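For clarity, chains are labelled A, B, C and D in written order, and residue numbers in each chain start from 1.
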Amino acid sequence: MPIRVTVWGEFRHEKRSEEVHKLYPHGMHEAIASFLRKNKDLKVRTATLDQPDNGLTDAVLADTDVLTWWGHLAHSDVQDLICERVVRRVQKGMGFIVLHSGHFSKPFRRLMGTSCDLKWRLGEHKEIVWITKPGHPIAAGLADHFIIPREEMYGEHFDIPEPMETVFISTFTPGGECCRSGVTYTRGAGKIFYFRPGHETYPTYYDPNVQRVITNAVRWAAPTPNSHEQTYGNRLEGWLDQPQPTNNQSRKFPKPTSRKSTTKSK
Amino acid sequence: MPIRVTVWGEFRHEKRSEEVHKLYPHGMHEAIASFLRKNKDLKVRTATLDQPDNGLTDAVLADTDVLTWWGHLAHSDVQDLICERVVRRVQKGMGFIVLHSGHFSKPFRRLMGTSCDLKWRLGEHKEIVWITKPGHPIAAGLADHFIIPREEMYGEHFDIPEPMETVFISTFTPGGECCRSGVTYTRGAGKIFYFRPGHETYPTYYDPNVQRVITNAVRWAAPTPNSHEQTYGNRLEGWLDQPQPTNNQSRKFPKPTSRKSTTKSK
Amino acid sequence: MPIRVTVWGEFRHEKRSEEVHKLYPHGMHEAIASFLRKNKDLKVRTATLDQPDNGLTDAVLADTDVLTWWGHLAHSDVQDLICERVVRRVQKGMGFIVLHSGHFSKPFRRLMGTSCDLKWRLGEHKEIVWITKPGHPIAAGLADHFIIPREEMYGEHFDIPEPMETVFISTFTPGGECCRSGVTYTRGAGKIFYFRPGHETYPTYYDPNVQRVITNAVRWAAPTPNSHEQTYGNRLEGWLDQPQPTNNQSRKFPKPTSRKSTTKSK
Amino acid sequence: MPIRVTVWGEFRHEKRSEEVHKLYPHGMHEAIASFLRKNKDLKVRTATLDQPDNGLTDAVLADTDVLTWWGHLAHSDVQDLICERVVRRVQKGMGFIVLHSGHFSKPFRRLMGTSCDLKWRLGEHKEIVWITKPGHPIAAGLADHFIIPREEMYGEHFDIPEPMETVFISTFTPGGECCRSGVTYTRGAGKIFYFRPGHETYPTYYDPNVQRVITNAVRWAAPTPNSHEQTYGNRLEGWLDQPQPTNNQSRKFPKPTSRKSTTKSK
C-alpha cells in the first residue's frame, strides 16, 4: 500500500511575486509534489490555502498519511478549526513535515507549545547542512554534510522544545549563525519533522539533497501500519480477570466510557 | 531573594461537596500553600478560578516565579486569554507545577501539544510511587519508593510527549495499572513538572512525601536567576564585527526589529 | 534484501536444567530464531557462547544487520574482545536487541554507561505490559496492553540512562512493582532496544505478543539502507571551496587523516 | 556546605611546550581552580595525572562533589582502574564536567558508550557559542551568544549520544563548521556536562564567559543534597505490607541481598 501524501502550500507568493512565479510557475507545492511523485511507494496530492476548508477537509485528512506544510505570508489566514483538525490528525498518527517558514504556522506552534521564534536575515547565504545523526532514516544517502548554494539565514535561538533527535544543524556563510535545521518529535501517535531550507526566492526545492531529505522524511513519518487507537477514560475493576486483547484484535476490546475533557463529573 | 510561588486552585469541589470541604476546609490551594509557607525561601500566595481574571492578572503573573495548578471540574471556565497569559509566562521562564487532574487543564494541554488523556478509576487504591530518576532534585529525600494509602487510579497510556525526565512511575493496587506520575519538560525558558497524586476526596496534600515532592519541584522549577531574555527576528549583517554582548550586559545589546508572527513581509 | 539477523544465546541453562531443557529443547536461541524465520524479510542465524569467538567472529558480525542477545549465568565468560567487537558494530549501525537478563551483559552495560542494575524476584507473576508509545513501530499490532501469564519480576529503579523512547512499562502482580520494559536508544549509527520479558523457566518466547514485539524490534533496529560512514579527524581549510560530496557519492570524498584517540600530536 | 570541586588536569603540555607554559605557568588546572576559588560556595582542590593513582585516590573521589577533567596527550596513561573509579562515582552522584579534548578521555567515552570522535582543525578561529537552551542554569548570565576570539575548530559529526539538553552550539569562522559544544547527560545519579572550548595554546580559561559557564556547570552538576542511594537485587514478597521507608529514613530500610552482576544463581 502506498503512503498517501498531501503536500500543502500557502500558494500566495507565487501569485504576487514575479520572481517567485518564475521559479515555481505551478507553485512550490507542485515542485515538491513532483519529486515525491517519482517514488512508486508514494501517492501524492496537493492542497492550498485558498481552497475550501484551506484545502484540508475531513475527507482529505482522513485520506492522508503524511502532510507536508509550507506557509509564510498568511499563517493567520489558516482557520483555527482547520489547525485543530490537523493537530488532532497528527495526534492520531498522521506524519507532519514542516518546511522552512512553516515554523511559524499555527499547527506547528500548537504541537510544539513554544513560540517557535528565531533569528533571520534575507540575502544570499551558503547553507551548510551538517548531519548530526548518522544512521537516521532521514539522513539516508547523505554524506557528512551538503551545501545549498543560496538560502535565507535562520539562526539560534530557535525556540522549539528539546528535540527527540537532532538530525541536522545548519551553518550560514557569510554570517556565522547556526540553526537546528532538522529535528524530530512525536505527539500522540504522530511523527513530526521540521526541515529548515526552502526560501521562496531560491530554487531550494529543486536541490537533489533537499529532495532526498523530504522524501526520506515522508517515509519516516508514515504511520506505523497496524497501529491501534488507544482507549482512554473510565476503566472498571475486574479487567484483569477478563479475556485480554490480543494481537490485532484490540478493536473488539470494549471501549470504556470516554472521559470528557472538561466535565468529568464523578 | 525568595521564590515567589502562586498556588492556583479551582476551588469548586470544596464548596459543593461536604466530603471535600471537611478534608480541605479552606480549599486544596490553602492546604498546598500552608506546607509551602513553612519554607523560608518561598513566598507564597494563592489564586482561584472565581477571582477576576481567574486570579491571574498580569500583575500576579509578573510577580510569580512558580505557578502550581489544581483544576478538575471547570477546566473550560478558565478563560482562553488567561490560558495564553500563563503559557507565555511559562515560555519566558516561569516554573509550572501541574497537579493531578490538572493534566486536562487548558495551559498544560497547550504546552504539551497532545491530548493529555489517560485511563482512570475512582475508588481506593494504594498508589506506590517509584523513584525512576534517583539523584534528581525533585526526588531529594526520598528512598526508592513511597506509598500513598488511598488514591484514585490513573493509568497508561497517558498521552503526553516523551518526557525530558521520568522522575516517578506509579503503580496502583488493586488494579495493576501504572502511570508515569512525575515527568519534566521545558518550554522556552520555563520548566514544567507534572505530578499525578491529589484526588480531592483523599488527604493526599497532607502526606509528607507528597509535600516533599511538591516543595522540591517548586525549587527545581524556579527560574534561573540572571537569565537573559532572547532576541528574535531580523538580524543585520555586520554583527560579527560589532562589540559583543558580554556577561550580564546583554540587555544593552541592540534589539533587532521584532519579527511579527504572521506578517513577515520581506 | 532481507535483514540479516543473528540470534545470540548463552545456551547454558538449557544444558544444565532439565526444566529449561524441556521448555526449550534446542535452546532459547532456537526458539527465538524459529519465530523470526517465519518472516520472509528476515534471514536468521544463531550463535552461542561456547562457539569459537563466543560465536561472534568478525565475519559473523560483518554479516549481521541485527543482533539479539540473551545471557544470564555467564556474562563474565563473554570475552572482553568480543564485547568490544559488538559495541563497535553497534556504533557503526548494527541493531542490537537485548532480552531480559541481558540487561547485565557486557555489551549492553558498555553501551549504556550505567550499572543497569534493578530489583528482581523469582516466582510466578502476571506481567502486564503497557504500551506507553502508541504508534511506535515496535508496538505495531498491539492494543493498549498485553499480559504474560507467568514471569519473573523486575522492578525499578532500573539503572539505565533516560531512554530516547519508553515504548513499554510493565507491572507485576502479585507485587506492585513496575519496570520500564521496552526502551530505545541510539549509539552512533546503531539502534538499541531493551525488552524485559524472557525468564528461562517460563514459555515466554512462545507467547505471540512477545514474538510480535521482537519481530517488530528487529525491523525497527535494522540499519538504514544507504547510510554513509562518517569521516572524523583532521579537516583542512579550503574544503568549502572544493567539490562537495553529493547523494550516494560520499564514499569518494577524500578521507581526512584519522585522529588517533590518545596520541593526537599537533 | 560548600560544593567540593576537584579540578583534574593532565598537566603535560604545560611542561613540554614553552608556549603553553607561558600561558598557563602553573598548569591549566590551576587556571581553572583559580577562578572557581573566587566563589565562596565552592571548595576547590586540584589533581593531576602524574600523581599516585593519577591523583584520584578513593579518598579524593569520596571527598569530591564535582570533578572537572582536561586531558589530551595522554588519555591512555590514565589507568583503567582509575577510570572505573571515576565512572562509578559519577553513577553514584558525582558531577562530571568534561572540557575540550577530554571528549576522548577514558571516563567520558565509558559513560557515553559512543566513540566520541569528531572533526578538528588547528589554527585560529573565532568560536561563536550560541545559547540554544535559554533559561538553563548553565547559561545563566549569558546573552544569546558569546565569542571566543581564538580557538581550535571542532566540527560535526560529534559522535555522542543524543544529549538530554543541548545548551550551546558553536560555529567557527573561518570554516563554516559547527559543533554541539555544551551538552548534558545523566548516568545513574550523576550529572554530566561536556563543554568544548579550551585549546591549550589559547587563553580560553581566562575568558570571563568561559569561566562563567564552567562555574555555572559546577553548581548545576553538584549532587542533589539528601539524595538516597538506591537498593538493587532480590526483593522478597510481602514488602508491601511492611512498614514503608519514609522521608530521609530510607537508609534504615533493610537492604536486600545484593545481586552479583554475572553470577546470579537462582
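Operating definition for what follows: contacts are C-beta pairs under 8 Å (C-beta built on N, C-alpha and C of every residue); 3 or more make two chains touch, one makes a residue touch a chain.
Nothing here was measured: the structure is a model prediction, and the numbers come from that model.
Taking B-D and B-C together, the chain pair joined by more C-beta contacts is B-D.
Put simply, the chain farthest from chain C by mean CA position is B.
With each centre defined as the average position of its C-alpha atoms, the distance from chain B to chain C rounds to 36 Å.
Here the spacing of chain B and chain D, counted between their Cα centres, is 30 Å.
Looking at chain B, residues 126, 128, 131, 133-134, 144-145, 155, 157, 162, 164-165, 173, 176-177, 186, 188, 230-231, 240 sit in touch with two or more other chains.
Residues 72-76, 87, 91, 101, 104, 110-115, 117-123, 153, 155, 157, 159, 161-162, 164, 174-177, 185-188, 230-237, 240, 256, 259, 261-266 of chain A are the ones touching chain B in the complex.
Listing the residues of chain D that touch chain A in their complex gives 126, 128, 130-134, 144-145, 155-158, 162, 164-166, 169, 171, 173, 176-178, 180. Interface residues of chain D facing chain B in the complex, by the touch rule stated above, are 93, 126, 128, 131, 133-137, 139-147, 164-165, 173, 186, 188-191, 208-209, 212, 223-231, 240, 244-250, 253.
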